[in-house]
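This is the structure, below, for whatever I ask next.
Labels run A, B, C and D following the written order; every chain starts at residue 1.
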């Protein structure tokens, strides 16, 4: 992606709060692969609010700059823990982050203990497939 | 209000798209006075989407600058037409805008012809009250 | 583009102020073709602030929806007038807008009368090229 | 502050990335008290980019809800470490965060080791004043 002009602040670099837009696009794409986007979550009566997030800004990025944003699922037993990286055109790590999401029942608004089996099966199926393909 | 740092672009002035945040705050306050905020709209099964908006940028405003934002209801018969002004610390007009909102039934998603009587009565009552007080 | 989750408001549709992000991406791409992006403007001592904009919202768009955004330069003599359209997956026009930008000297902050020759030549060259190719 | 309508996502609660706007307003006010806002930083040739941030979302907040946002300076020797809290109308902690900022020379873009004396003196003077007043 290219850093939008309006995401840069008066010093010319992307304002720190705007990185969450970039990470959300990467998370949305990742969850779509797991067939577990926002609409799917809602259809099974679940919300997965973000409960914790951390970002480390190693280098700033300027408007008009091309960067790559990667998201990887690293934990799914009791929460979804996703790890993110932004790299610049030269491949240097410029930013890293994680988000943690917890399953909540949309009806009762209480925490669901343990990732629902349907999602866990889907994740583990995808991992098994990737493993067979030698990824 | 004070123009936030992150709303300014690399040239140091508020990015044009961010003015809609300022106008929305003024509209929310205006509609609250009419007892017709978003929650109230929803509770009577109505949506009032914005269907048309125009903004004229006469002077730019810089981050950290104090400005005043005013909103005024100018039409309410078949739509809500609100006119806005932003003035700088010296009272100069720096920006003006309007938004037009049309009533839509939340259930049928079709246009409601004519502003619902409850809202029209409320608006006209407020105007009459202001008139009695000599405003 | 796909409408981001966070751009949608509690009614599930893209909030009206967020369309300016979509239009800015289209304008940035258009100006890049003219070799007249923000950095180029700055390098020749010019700013092209947006002085007027209008948006007509014909239909709302929901998060996750795929839409196409088009930008077209329609005037360049004394200002840059760009016209925009957003169409949904079925090709229906859902939103249209224009922005008008005026040339300002970065040094004196005063208006430049007439589009600078370098930019006009570039625009007219591109039009002539497209015409030769029969576009 | 009141959570703006457009900051809420389709589930009706403030989208996680928007909290950075609320925290930035609180940090701007805190740094203004220290006479060390963005303009002051720039005037002494310094940038203080955010290098690390963490947010814990304990409860969600809905649009239209009134919340209080507090910022407190907890470290200033080699970086500015600011701790934040958002509390709801009942005084419950709903969100907490920190940001860490490192001093960088605007000219050389290299890290400045140790908080500049002028800022340290100012911070320590304010603490001594508060202490004399028994705060």
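The definition used in the following text is that a contact is a pair of C-beta atoms (placed from the backbone, for glycine too) under 8 Å apart; a residue touches a chain by one contact, two chains touch by 3 or more.
What you are looking at is a predicted structure, and each value in this text was computed from that prediction instead of being measured.
Student: If every chain is reduced to the average of its C-alpha atoms, which one ends up farthest from chain C?
Tutor: The most distant chain relative to chain C turns out to be D.
Student: How many degrees of rotation map chain A onto its copy chain D on CA atoms, rounded to the nearest 5?
Tutor: 180
Student: With chain centres defined as C-alpha means, what is the inter-centre distance between chain B and chain C in Å?
Tutor: The separation of the two C-alpha centroids amounts to 25 Å.
Student: When the centre of a chain is set as the mean of its C-alpha atoms, what distance in Å lies between chain B and chain D?
Tutor: 30
Student: Calculate how many whole Å lie between the centre of chain A and the centre of chain B, each centre taken as the average of the chain's C-alpha atoms.
Tutor: That pair's centroid distance is 35 Å.
Student: For chain B, which residues are shared contacts with two or more other chains?
Tutor: Counting only residues that touch two or more other chains, chain B contributes 5-6, 10-11, 17-18, 20-21, 24, 38, 63.
Student: Have a look at which chains touch which and call the overall pattern line, ring, star, complete or other.
Tutor: complete
Student: Mind listing the chain B positions that touch chain C in their complex?
Tutor: Its residues touching chain C are 10-11, 13, 16-18, 20-21, 24, 38, 47, 49-58, 60, 99.
Student: Tell me, which parts of chain A touch chain C in their complex?
Tutor: 2, 4-6, 20-21, 24-25, 28, 37-39, 63-64
Student: If we count contacts the way the header does, which residues on chain D are in touch with chain C in the complex?
Tutor: On the chain D side, the touching residues are 5-6, 8-12, 15, 17-18, 63.
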